[in-house]
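What follows is a pair of complexes built around chain A, which joins chain B in one and chain C in the other.
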Partner chain A sequence: MRESRLWFWHILSAAVILVLLGIHMGIMHLGELLHMAGIGSGDPVDSSQVFGRSRQAVFMITYILLLGAGLFHGLYGLRSMFFELSLSKSLEKLVGGVLAVAGIALFLYGSYVAIVVYQMNGV
Partner chain B sequence: MNKSATQDPSIIKTVQFEVLRYNPEGNEAPRLQNYSVPVIRGMTVLDGLNWIKEHLDSSLSWRSSCRMGICGSCGMFINGLPRLACNNQIVHLHSDRVTVKPLPNYDIIRDLVPDLEGLFEKHRSVKPYLIRKDTEEQEKPTGEFFQSQQELLNYIQFAYCIKCGLCMSACPTVATSENYAGPQPLTAGWRYCADSRDEGLQERQEVLYSSYGVYRCHFAGACSQVCPKGVDPALAIQLLKKDAFLRSFGFGKKKKAGPVLPPVRDWTPGGKIPEAPAKTVPRKTE
Partner chain C sequence: MQQRLKNRLGIMGWLGGGRYGMDRYAYALHRITGLGILAYFIMHIIVTGQRTGGVERWESTMAFFGSTPFKIGEFLVVLAFAFHAVNGLRLIFVELGWWIGKPGTPSFPYTYSTLRHRPLFIVFMVVAAVLMIIGGVDFYFVLK
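What follows is the complex of A and B.
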């Protein structure tokens, strides 16, 4: 049932991406509307705004969550594409292993950056 | 066209049959051959091929049997879609040109005859038969396995499969992934997993839920679109996914196979069966 669990996480990560990307699009591209509603202020891509968000724990957690969901969803999709090439069992394991290691490494590096920026007090 | 055919008043029109010809032993590559076929009302594509074989070209090969959409032998790629040749009337194609090719995603044995061995091999891999723990009962049956009407409805739609292979030829994933089990075997797997008399999920899940099982389905839905029996293999695959999801997180129902019913003994007709009406016409021998 390993493949069933992987597939479930693939679907769940899609749902997470949908919600978090919705928030991202709202913050980045609906700035004026948010400003009119009294929620946001200033240019969202201004460096002070970017670092301001990154120093908030909620955003730091959100970034790590989006990174994890995006990496898992993308790499599982890539694995599926490789598997459709009708690989041998050993090559399948190799592809799965390489993608898993790459995913974990990228996740750790991305999370490290998010945590470091969160802990910074200005640049 | 022969003389008698042109004079037949029942002929509606003449259509051009464009038929793929290929003999692996003699031809380097498949080629299309044209035949003019007079069409009468109700004439199917299979009738057209029979007419060609009888009047124009006796070397044309295809596979067919029942002529009524039951045996699943005459699956062909007709005017761009996998269909049963016996189940499609020429006039319903709304074209004066009928292109007939062997089913895609299969090797060609000759002309319109596809090699279905791969399909049957994958079909066998899902163990399409009842698997129960009471093997002794199966070998020496003492009664019937109980199944309610509702339990029958859970899978009966998927039991209508005639193994014609049209779904496999329409599936875009089968076309690109040789190892993918495909809609027909997966549907057959679900047909038995959903059967209340069966306990074989553990033995089947190795194939059904492998990396070449249900999770390779892109849900294009082409299998359900071309199925001549309304089996809906895409639905069966989605039900397999749902079942796997529930089971992998411990929400699935623990399935116990339907019990064996005690044999019926000393049965006599009840009093409610009405008498046959009196004879109105005497037999000739009387």
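What follows is the complex of A and C.
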């Protein structure tokens, strides 16, 4: 039951990532083309653009969502690969635990960054 | 004298394992791209964390990562993303049982779900290729 629930979240997180990361990659990697089409102003990693986005609540919230979905999806995928190796039960527990702790730590750090930068209000 | 066997597959053998179907390559690529994006993502969380240091720290970080080798690395992430996202959506459809046909009594000419799914597989791969080309055109202008 627990495993099928985790797998369901893996698939659901993929759908969330598809939308959020699709937009993120569009912003970050179609900047030049969009600029030529008269949308936006070129370099998306220029500090004025980066801090301009970070001050907006919608980016802060969607970044935190993407952090959660991306970390769960990626680390669960990695865990499944380890579990394919027929590890002993205790080793499986250890791998699952280490990945969970790493995921939670990265999630907390990334969310902290998103919130702090949001509060800096553009610098 | 030792008998030399003919290399039946020729150069194509480098690209394909003979009887491995294209689905098998998609599986391997999905795995490699998933791991690649995960590795990038973990570093990405640390790098974008430099924003907390304000404009100065961000600009010095970007000055470091702005060189061509890093730009090429980022473009690889774009390619990996295009494949993993489109193929992942296809896998979700397969797992939901969509567009793989209904099971039935095996009768000649035999067919199976992978074969019935193949036209959709090809359509999805074309979509991934188109996304990669669009990303490539943008990258060309970034480098220019």
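The rule we apply is simple: the second predicted complex is superposed on the first by the 110 of 123 C-alpha atoms of A that agree within 3 Å, B and C clash if a C-alpha of one lies under 4 Å from a C-alpha of the other, contacts with A are read in each partner's own complex, and residues count from 1 in each chain.
The rule we apply is simple: contacts are C-beta pairs under 8 Å (C-beta built on N, C-alpha and C of every residue); 3 or more make two chains touch, one makes a residue touch a chain.
Being a predicted model, the structure only gives us computed values, none of them experimental.
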Checklist entry - Put the two structures on top of each other at chain A: do chain B and chain C fit, or clash? => result fit
Next on the checklist: Which partner chains sit in contact with A:F51 here, chain B, chain C, both or neither? Use first/second/both/neither.
Outcome noted: second
Next on the checklist: Between chain B and chain C, whom does A:S4 touch in the aligned arrangement: first, second, both, or neither?
Outcome noted: first
Next on the checklist: Please compute the chain B to chain A to chain C angle from C-alpha centroids in the superposed arrangement, rounded to the nearest 10 degrees.
Outcome noted: 50
Next on the checklist: Is A:S80 touching anything from chain B or chain C once the two structures are fitted on A? First, second, both or neither.
Outcome noted: first
Checklist entry - More residues of chain A are touched by which chain, chain B or chain C? => result C
Item to check | chain B versus chain C as contact partner of A:E92, first or second or both or neither | outcome: first
Item to check | Where chain B and chain C come nearest after superposition, their Cα distance in Å | outcome: 5
Item to check | Shared contact residues on chain A - chain B and chain C | outcome: none
Next on the checklist: Which stretch or stretches of chain A touch chain B in the complex?
Outcome noted: 1, 3-8, 80, 83-86, 92
Next on the checklist: Taking the touch rule as given, give the residues of chain A at its contact with chain C in the complex, in rising order.
Outcome noted: 11, 14-15, 17-18, 21-22, 25, 29-33, 36, 45, 47, 50-51, 54, 67, 70-71, 74-75, 77-78, 81, 106, 109-110, 113, 116-117, 120, 123
Item to check | chain B residues touching chain A - in the complex, by the definition given at the top | outcome: 173, 176-180, 205, 209-213, 215-216, 241, 244-245, 247-249
Item to check | Touch list for chain C against partner chain A, complex | outcome: 31, 34-35, 37-38, 41-42, 45-46, 48-49, 51-52, 54-55, 58-59, 62, 74, 78, 81, 85, 88-89, 92, 95, 134-135, 137-139, 141-142
